[in-house]
Each structure stands twice: as structure tokens, then as C-alpha cells.
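Below is the structure I would like to discuss, written out as C-alpha cells.
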Amino acid sequence: MSRRNFLKAGAVALGLALTAGTALAQDAIKIGLILPMTGPFTSTGKQIAAAAQLYMAQKGTTIAGKKVELIIKDDTGVADVTRRIAQELIVNDKVTAIAGFGLTPLALATAPLATQSKTPMVVMAAATGIITERSPFIVRTSQVVPQIAGPFGEWVAKQGMKRVVTVVTDYGPGHDVEKWFSDVFKANGGQVENLRVPLANPDFSPFLQKVADSKPDALLVFVPSGVGSQFMKQFVERGLDKSGIKLIGTGDVTDDDILNTIGDVALGVVTAHHYSAAHDSPENKAFVEAFKKANNGLRPNFMAVGGYDGMHALYEGLKKTNGAGGEALVEAMKGLAWNSPRGPMSIDKDTRDIIQNVYIRRVEKVGGELYNVEFATIPNVKDPSKAK
Amino acid sequence: MAGRPHGARSLYFPGGSRVLTILFDGIAYGMVLFVLACGLSITLGLMNFVNLAHGVFAMVGGYVTAILMNRLGVPFLATLPFAFLVPAALGLVMERTLYQRLYNRNHLDQVLFTIGLVFMAIAAVDYVMGSQPQLIQLPSWLRGRVDVFGVQVGLYRSFIIVVCGFLVVGLQFVLAKTRFGAQLRAAVDDARVARGLGINTSLVFAATFAAGSGLAGLGGALGAEILGLDPTFPLKFLIYFMIVVTVGGTSSLTGPFYASLLLGIADVAGKYYVPSLGAFVIYTVMIVVLVFRPQGLFVKAR
Amino acid sequence: MQGTPTETATRHLAETSRWKPLEFAFWLVAFGAIWLLPSHHLILNEIIITALFAMSLDLILGYAGIASLGHAAFFGFGAYFAGIFAIRVIGDPLTGLVLATLASGALGFITSFLVLRGVDLARLMVTLGVALVLGEIANKMTWLTGGADGLQGVVMGPVLGLFEFDLYGRTAYVYSLVVTFLLFLIARRIVVSPFGLSLRTIRDNPLRARAIGIPVNRRLIAVYTLAAAYAGAAGALLAQTTQFVSLDVIALHRSADVLLMLVIGGTGYLYGGFAGAIVFKVLQDVISNWTPQYWTFWIGLILVILVLIGRERMNHQVAVLWARLRGKPEPRPRTIVGGH
Amino acid sequence: MSAALETVGLQKRFGGIVATDDVSFRLEPGARHALIGPNGAGKTTFVNLLTGVLQPSAGTIRLHGEDISAMAPERRVKRGLVRTFQINQLFAGMTPLETLGVAVSERMGHGYEFWRPAGSKSVVIDEIVEIATRFKLADVLEERTASLPYGKQRLLEIALAFACQPRVLLLDEPAAGVPEAERHDLLATVAALPRDVSVLLIEHDMDLVFSFAERISVLVNGALFTEGTVSEIANDPRVRAVYLGESLDG
């Protein structure tokens, strides 16, 4: 066979491949859960997968007479892999919905697919504002950065703080927190100085030194969760805790998953977030207990609750559609409202984004363990970036 | 541009004492880097062996300290000897069983082999200890900072500078004044000639490798507080080690020492004065040095 | 078929450029997969793109002896170029592919001057540094690249104005496969040419190469530029077929993975990248199904064993097997990287 | 008529050490010239300066009247200045066929031809075969260089220089490690070169030097010690002294 024949074969292949198509009926309701199970974001994947499995264990695996099947796939946190897996789930496994999405770029890479294939896509972790605008099939059950950072800026201003320095890691979520906190805080009469830390940064001392020079009322920090503990230790080591500078942040830095390992340096840190494992409600007590029992005592964090509620939205939606997917399922999920372990929440029927309470919490010791104890509530917050 | 902090320059122009604080922080940071990387520099210079798994030994040292402190309640200072000895023993075993087989291979083989070890170590530590960062609680006398003639000085960083300072002097003494040091220097210069002079180079290699691994372990333990410690440590700091070694050269210890200090100070000062340039500075410095002085910045061209 | 020395020599030189049965078989399977594995086109597309990327690294590592830990710089550049071109200029895939390839080649040409000096280690570090700096630039230039959120809104037109990219990845796979095949044909011709032979002398012994009149630096610049263009083409294919570009395309792990794949598959015979990409992806799939969190441990172990046994010896075994399959008694082992 | 190869005041310093000390040397066209000297006399440094591996600290090198002092090594080769190495410098992973093929192709200016398979030109093949036959390599053309016996590798080392069609050939101890019986064959091949090729033999073995060379230069401590015909050098008591001193520790 000569090379020319090869090329011919290729051309023929091209033609044939494009005319063929497949369509198969579906029996079970399959939900594809795409999560980073390996790599630097493993903890996100573990928490969400555990919560989703817990939800199914609690609520059964049958909806409208059909069996619900969960297919968990690892995307290692790499966007083109996420997209490929989503595509495979849609075309090969014929899933009714895809869910998961640990990071913003992973969700954004997949969004066009959801539109193209009319597959509902439930975002359980990624938090950048624009995500839900990228496809009419996206529903979010995690959080939106502006939803947390914006109201927090207002709350901080109301506490009488005049000057805040923000230190955020130089990547998408960090920029979001910086922007929304700063804008709202300034609109409420505050003064802000912004600092950005490179993603690969072992030593925070130059940044903390700048903060010490500046002597603000508070320091708002947003860094990836593993690094947060280091930041807090160096904050304390520099004696900044005693200098009257309050350490504040979004709840990501006092993540329930690692709060205990951070240790006492975290005591007194004030954060805003949508979920704390210490949230005082019967729903949450049951959830935390069941989660710990099923996972070797692992404490659920905000990722877990995003996964749990994501499954709830899908279940409730599927019940309404009798197991049908597509646009009907998205429609069915719009406007859903329920009492989640995090508190009351709903899916905005216009933006398909989440509406929930934002809680102001302080790290305290409860029964020998560190918890984010909620002491103020900002109820029913919509994503301000979409509330035009 | 979005990345530039608002008014960062105009608000607070740092005064003299602040410059000293930055310098101090940079030196402490550089010292840790040196202790972490000096073993790598020696093995590279002595055996022409590229040991990308060097960070594994540092991580082991850090974990030894963390485990001893957090699980067994051993005081911080008492853990440091173990943070040296355990990785040193591990280094010795690995040198005898694995590394020495690869001394004659080319750099690419060595890189692949040691990267493989790094992968294995990361997964193994993750499996045993979990992926969360390990934290240690320093004794209270090392926490906080004091004011020395108007300069804010962190106690722990002072401690690091003192410990590492002693180490540097000690290492220099061993190299310059002891019989072992003389043998080591001879072997670095020309292993064949050294062998001809009756020096047991294989023994020198093994001892040096073990000591280098031990030092890395000690660096890992000392640096855990500043650099953090989790299973990805060997990969995360690999680039920093390599920069120290490539910039400092491998023919002596003073080169990497100056390189570490330079890197530490440049990194801290760069981030303080021009935070928007972020990570560019050190990478660019590395490329420029390697292109114009492939032997390292602090090495006399041969 | 013994003849005069001249005939023998001619035959042997021609031998290296002749297609072997296994090569035909390989490409038959690759094209056959279009019909045989319709539900795996997406992963096949990923594999073939990775293989093209690995082949580009083989050009510099296997043929010219330049080890790189930053080859993703060109892959990423090609991907961003193709993605941005589709958004800002025109969504025609072929135009974008050609321009992205040329642009990556140009970047390779510029950076090639950095790798001329120094030996293995310095080169590894310089290439790594270049990739890190480019990655940081992509992260900072959010207005152009989308920064950490990734480049969105890439909409590709149909290939040749005829074939739309479908959800099943069929067009994507066929497009990537045909492009890869064409680039492979070119590379295959190049490596057996006098130019290709001169590269191998540089790999084996740059000192002597210079002493027989080979302009070593210029050859290295040429092949580095070529390899960068190939890597850029692979990146462009990824951007076009997934219609998305994120910072991962340029990340360190991308450079490291491709090096591992190439080494697993073997260097210096062009198919190493293909074999490595397939083995790597299959292993990843199998091992991560079995132990999702710790699959890097096993990859690490494979590497360690591979090096301990000796890559050369393994490759030699493969060569022996290969020769036996072809029914030839005389295997010609190959050395990998020049080193004395 | 200008010299085939000429140096004027050539000097090379490494730090404080002077490795080549003001050497002014002349190689006549068609010469069979030997350069001798005790170990450490700076012979290798001198060759490295001539071929461009090292840059001189001072002085000039002329090849057929052209100043090549700053020229890149490969361009000196293109102009006909070719050397062999004391320790074999070969391409371990390639065959003698490919090795010689590369050198011949390169010389004929095919180095950038990337679209045509190597060996598709019969002139190239003919020349490879011719050289291989002359150096008794025809029977091992397709074997991997690394697996050749030492003697064959040594022959390939010399053959490779021939394939570059030298006008000035620098032979750096070509007989090193070659068994006694084969040495003369080797030298005979070299001696059979056409007279328009000038040869500079750097050698240690005095027998070989005396049987091959017409003129001899002696290098001591980096400087030109003396120069003369074979008989002049052979009878020079100072040269004997230099070598006698060496033979004691060698």
C-alpha cells in the first residue's frame, strides 16, 4: 500500500465518519460527576464525591421508576480533560446531566458542550460569576464569589473599619474576591489597598511587611486553601495579630476541611461564607453526622454541601420531569427552594444561579476543635454581579 | 493594567529600618534555601549527578519533625537531630542501592529516574499521611518578633539565621580543614586522580550523599514553618533548588551560598517593591545567568 | 542478495527510509479506528494530539540530543495562537493551524539561541525557565488569554468549509489524525535525509560533528525551530478541537508528561511518541480506575524501573523484536542521547 | 608561495598558565611534517587552536594565506583543515556507512537537504565505498560503530577525516592503541595521500615519526623548541635530553 493510497483512505474516512451517527434509547438515569480526584485539587473531588454518594445513599436510587446511576470521573483538574470526559459522558454514556466542576476553567471549558448537546450541567464547586451566563443549561449549587465578597465588604464597612488591605493570590478567583470586596467596601466609604501574591510563592514575608507598614484596620486574605495556614502562621509570627490588624477573608481560607490542622493561629479570624460545618440547624447536624460516619470522621466542608445540594437539585428536578433531561430538567430546577444543611437556599429562576444566606463567622474552639461559628447572617443574597 | 495594586507606591515609601527588615527576611529565607539545596549542589558537583529527588529528603525531614511533634509530643528542638538523621540514613541506603548505579548515566536518565522517585514519594506520603499540609507549633520562645534598634526582627527567622549560619561555618570548616574535606575536594576536582591517590571515592560519595540528604532534611524541618509542608513539597520547591544550584555553580559551597542569599533577598525585596512583577524576576534571572554563564554566576570560568 | 559493496551500501541506506510492514499496520489501525472505535474518538483525538506533541520532542531529543523540560511552551503558544486567532480573526481551522504552526516555529527560532549554550542540565533549566515565563505571561495577559479562567468563546468553522466539528469528536479525530499523518510523513523524510543524519552526529558527538564541518549551532537552531512548529501544530489542534484553551496547555506537567511518554515509548525512531502516548493514556486509565489517587506512584515506579534496566537496553530489545517480526536477522540497536 | 598552514606569534593563556607560548610555525604545501614533544608540552592545545576549538589569546593562524584565527571550526573544515583525534571521537549510535555518508554529504554541500533520503546520490555512495575499501571498513559498513572492535574504530576515526577531503590534515597520534602490525598499514595509507595534501603528524612514537616525517618540530612547555629535518632532530642532543628526561618518568 503506497502513501497515496493512505491519503485516499484518510479522505474516505473523513467522509464516512461525518455521515454516520448514533442514537440509543436510555433506560437508567445517568448522572456524570466530573471531579478532580487526583492532582492539587483532590480534596475538592473527595468532598463532593462523598457528599453525592451520601445523598444517594440517603434518598434512594430510583426516580420515576428509573434507576439513578452516578458515574464519577477524574479530570485531574485539567480543562481539556474535563471537556473530553464530559463529551464522552454525553455521547457514549448518554448521561441525563453532568455535574461537578471543581474549578472555573473546567466549568467554562465544558459550558459550550452543555449548550450544544442540551445537557443540564450542575456546577457544584466553581465560583466565578460568569459561569452560569456561559450556557443556559448551567445550574449552580455552590457559591458565587461576588455573592460572598460583596456583602462582606458592606458588612466590614458597617463595623466601622476604614482601611483594608487585600492580599489575594494572583489568579481568577483571587481577582474576583479582590474586585468585589474592594468595590463594595469603597462604595461604603472605605479605603482599600490591593496586593497580589504569585501563585507559586513560598514566603509571604514581603507582603505581610507591606501590610505591617500600611497599618490598616483589617487585612483581607484570599489564597488557595493549603497555603492559607502558612499565611496565618506568618501573620501571627509577625505579631500582626497583636498590632490591631484584623484578619478577615472569605470562608475559603478557614475551610472546614483543614481548619483543625491550621491550628490556633486561626482563632479569631472573621470570614464570610455560605456554609459552616458548625451551622446550627437540624438539617446540618444530621448531614454532618452522616457524612462523618460514612467517611471515617472527615468533616464536610462547603464543597461537600455544594455536591449534596447539587444532587438535591437534580433529584427534585428529575422528579418533576419524570426522569426526563434536557431543557425540561433545567426548567424544573429553576426556582427550586429548600432547606439545605447550609440554611435556606434556592435556584434563581432567571439566572439559574444560587440564592442563599451569607454568614459572618469567627473561628472559635468548640469541644476542643476549631469551627467557624456563625454570628451574623445576611439573608437571601443574589449574585450582585447579575442583579442588574 | 488590572494587576497593578492601587497606589502601592505612593502610599508608603519605606524608611531605612524597613529596608533592614526586608533584608533580614530575605537573608533568613535565603539561608533556608541554602540548607535545603547545598546537598544537591555537592552531589551535582561531586558525582555530576542530577538528583531531582533531593526535595524528597527535605520533605522526609519535615515530616519527621511534624510527626514527632504532633503525634509524640517531642519538643521542636529535640526533633531536629532526627530530621537530619532519618533522611541521612535514607539517603545512605538509597545511594548504596540505587543512585550509585546511575552515576555513569547521562543527565537525562538521571532526571527521569529521580523524577520517578519524586512521583513515588509524593503518592506514598499522600497515601500514608494524607494530602493536607502538615503544621507544627513552634515553642513560644520562637514565636513573635522583637524590636532591635528600630528594626522588626522575627524570633524564628533569627533562630534560622543563627542555626544556618553555624551550619555554613561548620560545613566550610569540614571542607577546608578536615581530612574528609580534603578528600572530598580532591574527588570533586577529579575523581579519577583522587582514586589514584588512594582515596576511597565510593565511600566519600556515599558519606557526602548521606550528609547532603540529612542537611536537606534539616532544611525541610526548619523551613516547614516558612515554606509549608505537604506531599507536593519536592516538586513545588524543585525549581528553587535548581535555581540555587544553577546560579551558584557546583564547584564549591560558597557559590550556592551567595546564590541562595541573592535569591532570598531578591525574591523578598522584589515582591515588596515591585509586587506586580511577581514570579518573573527569578525565572528571568535564571535564564539570563544560564545563557551567559552556563557554569553559574559565582564560578570562575575555566 | 549480495552484491558489490556499492550495491550493499545503497541498499542499506535505502533500508532506513523504506516503510516497514509494522508502520503500515500502525497507520492502518489509526485510520481504521475512525470506523472501528466510533465511541472513542474523543480520547483518540487526545492521544493523537499528544503523540504529535511527543513526536515534536523526539525531533530534538531523539535526533539532536536536546533534552527539554519546557517543550509545552510551544504547545501552549500554538494553542493560544490558534484560539485567539479563531476569536479575533477567522474561525477557519486550516488557516489558524498553518499560522499557529508558523508562529510557534518563529518562537522556537527566537528561543533556540538560548539552548545552544550549555549542556543537558543547563538546557533542561533554560527550557523550563522559558516555559515558566511564558506561562506567567499568559496568566497576566488576562485581556488576551482569559488568564486563569481560560480562553473562552473559541468557535471553529467547518474543516475545509465542509466538516463541522461534531459532538462525537469524529471530525476532530479525523482532522487531527490527517494533520498528524501529514506532519509525520514530512518528519519521516527529514530524519533519513542528509540533514537528519547530520543531526544524529550532533546528538552522538557534537565535538566531532563540528570537526567534520557540520555547523552544529545552525543545525540545532533549524531542528529546534522545526520541533517548535510541530509542537505548536499539536497545540493548535488541541485548541481547535476542544475549542477552549486554559493555562494547563503551557504548564510544567504538560512538558514533563510528554517527556515521560516519549521516554516510555523510546526516542529516536519517531514512533516513540505514538507508543508512549498510547501506553501512558491506557496506563493512566487502567491504573487510575484501580487506584485513582495514587496512580502517579505507579508511573513513578515504571520510570524508575525503566531507567534502572536501562532505556537503551530496553530499546535494543524492542529493536530485536522488531527485526524478528520483520524476519530480518540483524537488529541494529540504537543509542539514545549522546553522552560519553 | 604561501604556506599551507602558518601561525604567527600564537599564544594561549589559561588564567596564569601559558599553554601555547608565542608559536610561529609553518607547514609547507605537501609537507610530511611531524610535531613532537614530551607529555604536557601543549601539543593538544596547539591542535585545538589550529582547528578553532579554542580561541587564541594572541597571534594569527593562516590557512593557505587566509587568516582563519577567528573562524568557526566547521568553516575551517570547509576550507580543508581537517583533524583526527587522539581519543576516538565517533558517533556511537551510527554505522560507518552513515558516518562516512554524513561527512561526504556535508562536504558536497548537501547538509541542508532534508527532502531527499541520504544515499540517493551515487557519487556519495561511490565515495563512501572507495574510502571504506581503502581503510578496510567495507565489511563492517552496516555495523553499529559502538560495537566495532577498537582497531576498526581507529580506522574509522582516520577514514572520517579523509572523507572531509583535507588539504591540510592534522593527525593527532593516529597510531595510539593500534597494534604494532597495523601501524604501518595505517601510516602507509596516510603516506599514500596525494602530495597536494599537507600533513602534520602529532606523535609520541619516535619510530613512527622518523619513518613518516620529512621535517620535525619540537614543542616544549608550549613553545617551539627547535625545528629541522629528520636527521637534524635525530642528532640534536638537546632534543634527546628533553626526551630522556621524559622517558625516566614515562
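A, B, C and D label the chains in the order they appear, each numbered from 1.
Just so it is clear, a residue touches a chain if its C-beta (ideal position, glycine included) is under 8 Å from a C-beta of that chain, and two chains touch if they have at least 3 such contacts.
For clarity, every value in this text was computed on a predicted model and none was experimentally measured.
Colleague: Using direct touches as single steps, what is the fewest number of steps from chain B over to chain D?
Modeller: 2
Colleague: Among the chain pairs here, which one is joined by the most contacts?
Modeller: Ranked by contacting C-beta pairs, first place goes to C-D.
Colleague: Would you mind checking which chain's C-alpha centre is most distant from the centre of chain B?
Modeller: Measuring from the centre of chain B, the most distant chain centre belongs to D.
Colleague: Going by C-alpha centres, which chain is most central here?
Modeller: C
Colleague: Could you give the separation in Å between the centres of chain C and chain D, each centre being the mean of its C-alpha atoms?
Modeller: Here the centre of chain D sits 40 Å away from the centre of chain C.
Colleague: Taking each chain's centre as its mean C-alpha position, how far apart are chain A and chain B in Å?
Modeller: About 36 Å, centre to centre.
Colleague: Cα centroid separation between chain A and chain D, in whole Å?
Modeller: 71
Colleague: In chain B, what residues contact two or more other chains?
Modeller: Counting only residues that touch two or more other chains, chain B contributes 2-3, 239, 278-279.
Colleague: Can you list the residues of chain C that touch 2 or more other chains?
Modeller: Those would be 136, 142, 293, 295-296, 336, 338.
Colleague: Run through the chains and report each pair that touches.
Modeller: A-B, A-C, B-C, C-D
Colleague: What residues of chain A sit close enough to touch chain C in their complex?
Modeller: Residues of chain A touching chain C: 1, 3, 6, 9-10, 13-14, 16-18, 20-22, 37-38, 42, 74, 78-81, 83-84, 87-88, 90-92, 104-105, 108-109, 111-113, 116-117, 128, 130, 134, 170-173, 175, 198-199.
Colleague: How about chain B: which of its residues touch chain C in the complex?
Modeller: Those in contact with chain C are residues 2-3, 44, 50, 98, 101-102, 105-109, 111-113, 115-124, 126-127, 239, 242-243, 246, 278-280, 283-284, 286-287, 290-291, 294.
Colleague: Any idea which chain C residues touch chain D in the complex?
Modeller: 5-6, 8-10, 12-14, 16-17, 189-190, 192-198, 200-201, 203-205, 207-216, 219, 222, 268, 330, 332-336, 338
Colleague: Note which residues of chain B are touching chain A in the complex, please.
Modeller: Per the stated touch rule, the residues are 2-3, 5-8, 11-12, 14, 18, 21-22, 25, 29, 131-135, 137, 143-145, 152, 154, 156, 225-228, 230, 232, 236-237, 239-240, 267-272, 275-276, 278-279.
Colleague: In the complex formed with chain C, which residues of chain D make contact?
Modeller: Residue list for chain D touching chain C: 51, 53, 72-75, 77-78, 82-83, 85, 89-95, 97-99, 101-103, 105-107, 110-120, 122, 125-126, 128-129, 132-133, 138, 141-142, 144, 146-147, 160-161, 163-164.
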